[in-house]
Amino acid sequence: MSRPAISRYPVPKLEDLPDDIRARILEVQEKAGFVPNVFVTLAHRPDEFRAFFAYHDALMDKEGAGLTKAEREMIVVATSGANDCLYCIVAHGAILRIYAKDPVIADQVAVNYRKADITPRQKAMLAFAIKVARESAHIGDEDFVALHAHGFSDEDIWDIGAIAAFFALSNRMADLISMRPNDEFHLLGRIPRAPKK
Amino acid sequence: MSRPAISRYPVPKLEDLPDDIRARILEVQEKAGFVPNVFVTLAHRPDEFRAFFAYHDALMDKEGAGLTKAEREMIVVATSGANDCLYCIVAHGAILRIYAKDPVIADQVAVNYRKADITPRQKAMLAFAIKVARESAHIGDEDFVALHAHGFSDEDIWDIGAIAAFFALSNRMADLISMRPNDEFHLLGRIPRAPKK
Amino acid sequence: MSRPAISRYPVPKLEDLPDDIRARILEVQEKAGFVPNVFVTLAHRPDEFRAFFAYHDALMDKEGAGLTKAEREMIVVATSGANDCLYCIVAHGAILRIYAKDPVIADQVAVNYRKADITPRQKAMLAFAIKVARESAHIGDEDFVALHAHGFSDEDIWDIGAIAAFFALSNRMADLISMRPNDEFHLLGRIPRAPKK
Amino acid sequence: MSRPAISRYPVPKLEDLPDDIRARILEVQEKAGFVPNVFVTLAHRPDEFRAFFAYHDALMDKEGAGLTKAEREMIVVATSGANDCLYCIVAHGAILRIYAKDPVIADQVAVNYRKADITPRQKAMLAFAIKVARESAHIGDEDFVALHAHGFSDEDIWDIGAIAAFFALSNRMADLISMRPNDEFHLLGRIPRAPKK
Amino acid sequence: MSRPAISRYPVPKLEDLPDDIRARILEVQEKAGFVPNVFVTLAHRPDEFRAFFAYHDALMDKEGAGLTKAEREMIVVATSGANDCLYCIVAHGAILRIYAKDPVIADQVAVNYRKADITPRQKAMLAFAIKVARESAHIGDEDFVALHAHGFSDEDIWDIGAIAAFFALSNRMADLISMRPNDEFHLLGRIPRAPKK
Amino acid sequence: MSRPAISRYPVPKLEDLPDDIRARILEVQEKAGFVPNVFVTLAHRPDEFRAFFAYHDALMDKEGAGLTKAEREMIVVATSGANDCLYCIVAHGAILRIYAKDPVIADQVAVNYRKADITPRQKAMLAFAIKVARESAHIGDEDFVALHAHGFSDEDIWDIGAIAAFFALSNRMADLISMRPNDEFHLLGRIPRAPKK
């Protein structure tokens, strides 16, 4: 069988891409050891690519905030699970396993966060994230009160909601183009990595 | 009664904003005659603001494409209607009325596109946009076949889906911060404007 | 383009209608300045027309009751919004704007009453009305307790529920015959009317 | 145990009712052998009572039309089943058994018309009625085409839709006041009645 | 008209069945006076038949437990109602009427347990059973707390949940093979039986 | 942190179990290298345990049938995904990976079978299985026609439906007792096993 397509749309070659996009892709390849398909498939539209990753980085790479990187990824995995988005569950599940140093947490959070090995505070965070993902018109002051009770600030709540909102976009783009997760993601973070030398 | 809040979050003053953001806001004010609340409320987070509008412009200001500007706004209004998003229905409803030069089309498209004064091709476009908005995991090749039959190219379909995906994000941000539509939008495009001198 | 149809069914001419129905229509025309399409389209079935408007008047024209006329129209607009009924949202949205003397309230209530400029008591009223509209089998004593806490009497609750129930009928009739709202309704109540002389 | 209430609201005594309403109730009692609770419970509001039964009679007692009386009751039972309305399922289930002279048809139609001992034409009728009951905004020309193919005229379709719409109202009123079906209805039509002398 | 089919699949003759299955069927026939169709239709697959009734008996024939036999049948009827399963509503509705010695309770519980003549404790039991039937992934510790407050032990809760789970299977098998309820069930328990001699 | 519980209910010790159940558990331990939690947690109720595994074996261990073992597991994984059941997705996902000798198929099928690397025939099989799992009352002859077109016999369709029905039960039991998947399952079948010596 031939290699399965990674997108319904043409996938540009690295050498045909604008310099900034190619640089970004080479950087992630250097870091991860492979190029996640989201980079090459979205590069079909350079302007949208740039906005997409600028938005992504603003939300996910934030320093010194109330949410840890693992918690940000939990939000991605839980809302992508609620949206049944294959690419995001598999790819961000891998990232979550790595950040949380936990080989089973991503499968738990993707399917049913109520049963995950996480804190009540994290469960409240994910309950809100899923509300943003699935029925944001119902958000009310009572949701803010409930999250404040767990120690989340208003800025933390913006983060939670904005990550859920951004992956509402991301999930839909992945479904639109039928983005395929790299095979590597399925295994990543499930077994201890040999220490880097 | 005091003026109702336009966001759950602090709204920055124009003079406190980074130059590029202030310039963008002054530009839209010059053009529209007022500052749509989406600009000042999202400016609370400058990096996210920049990514948001870069994405918006890449999708909505595209030249020479298969979809007219009015059709792009139809997608925004129909999917925001499906998501019950007050800000986007009211603000983009106004823009749709202006682009389409039609005072009733936005109310039709927001509530039930099946009854709107639009073409069968546009109804097929909106049916797909709503599928992206509400159940994108169910998208399949048969959706592409149906849209091709109406003369949409694959690139047009990316546009339709990406606009629906971007406003999936936008609707959720508006709900998260309880963004209030400017009163001006409710009336805009409903009555003939006096010609500019 | 020819004038769009206002019903899937034949629309009787005024002169062909029974006297009582014609009189009712002339009366509303005198008052509103035009004939709302609900009158001429439902007149296709005189007996149903008479029962429909007798029911309507019993619920909406009630004097000295616990609900104001604006509140009754809020119920119509909110439940018609929940049912995605174009005719009722547009026509009763206009009436609500006029009774409430508020140009933006109808758009708010039709899309998401949680964000409307209304009182907590009115929000409780609309939450119950939407429950009647969408899942009346789940109504329980706890709903009555919640409304009593806002000062509603049992008779007020009958009014709220009966209006929601009547427009459950009305929305479905409008959808069945594809009743088109008069263009006039879209603008009505959005701008100050010149005082009557 | 005391006799269970038949309504959340006060139930008027026969002698306190307006003459026309009392006459109507005595007439039905004469015919049925008991007074169905819908009559005495709705009589709490005489004007609404009159409109309700005028509407009911216009739709259900129609002579010489395309739908038989049993078919009209099937629509009531199927849509009341879709709405989980206890009173209407039990009371109209009894009437359906009598008109159809079939002791099991009402239970079938209330739960799942697909498995009922009825014709394909009747199944198409009930599929449309349930669409009117549950998602009338989705009604389109294709529904009319499908029903025409089974020999239904446009006037028949109005009947089907209007009955579904009227019982959308009726179901909600029954739920609002927690109307209890008379015990008699549960058994009626399940066993052959002795011939009247 | 010929007798309607009781299954989409071949129905074995009693004499062709394995001895243990035939014995079981003759036993139920002796007791009930007729053979419920679930026995002969599922006998098409003997191994599945044996496991099905072993499971059924373990849950429904339990002695000395916290739930009465009538309560066990209430769970079957309420969850089968939530699943719109004709066979189970009709057959177990009959059994419920007999155990509860109440001719109207099954119709109430099948349509809307909130309106049934049952205790608050039984309503809490059915609310949980329906949660198991329709959205078991949402079960949480709070559900156990709520049931403990009504005096249910953990073992009682297992019973409630396991019965709901078993009839999730049973309802689907009945729908898969289009199992038809015996006509006898519709009437059983609705009228006082003459005492056995 | 202490080891997380594998059930809300007491978990029996192997030595306290009836002989037949202990033998079954030792057999699976011998084969798998560990005891899947479904065995020890359900052993809390021996009679239900026996019926559960008798049913399971009748459906899943069938020889010479139209469905392969991998296809049977696909049905389990797809319907458990539709039901958001953590235990069954993780445990049967592992078994599916092993039978299909494919490290990524289970994640695909659990989230969205439309995007899985499977045949159109298998997609039709899973579409039907999910219909059985989620809305079995809507099953009709048209479903059998569609499956026949892919070469499935009526007996194959019974298998598909019965597996979906059995795991409707299984998923609910796992949710009821909060059954935790063994950590081993998460990794099983994702990397080539060293050949047995």
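Quick notes on this structure:
A, B, C, D, E and F label the chains in the order they appear, each numbered from 1.
Note that in this section a contact is a pair of C-beta atoms (placed from the backbone, for glycine too) under 8 Å apart; a residue touches a chain by one contact, two chains touch by 3 or more.
Just so we're clear, the structure is a prediction, and the values are computed from it rather than from any experiment.
The minimum number of touch steps linking chain B to chain F comes to 1.
Centroids of chain A and chain F (each the mean of its C-alpha atoms) stand 28 Å apart. Here the CA centre of chain A is 52 Å from the CA centre of chain D.
Per-chain CA centroids place chain C at a distance of 25 Å from chain D. Touching of two or more other chains is recorded for residues 84-85, 112, 137, 178 of chain F. Each chain pair that touches appears in this list: A-B, A-C, A-E, A-F, B-C, B-D, B-F, C-D, C-E, D-E, D-F, E-F. Against chain C, in their complex, chain A makes its touches with residues 137-138, 140.
Listed in rising order, the residues of chain E touching chain D in the complex are 4, 81, 84-86, 89-90, 103-104, 107-108, 110-112, 115, 117, 178, 180-181, 183, 186-187, 190-191. Residues 112, 114 of chain D are the ones that touch chain F when the two sit in their complex. Interface residues of chain B facing chain A in the complex, by the touch rule stated above, are 8-9, 44-45, 47-48, 50-52, 54-55, 58-59, 83-85, 132-133, 136-137, 139, 144, 154, 157-158, 161-162, 164-166, 168-173, 175-178.
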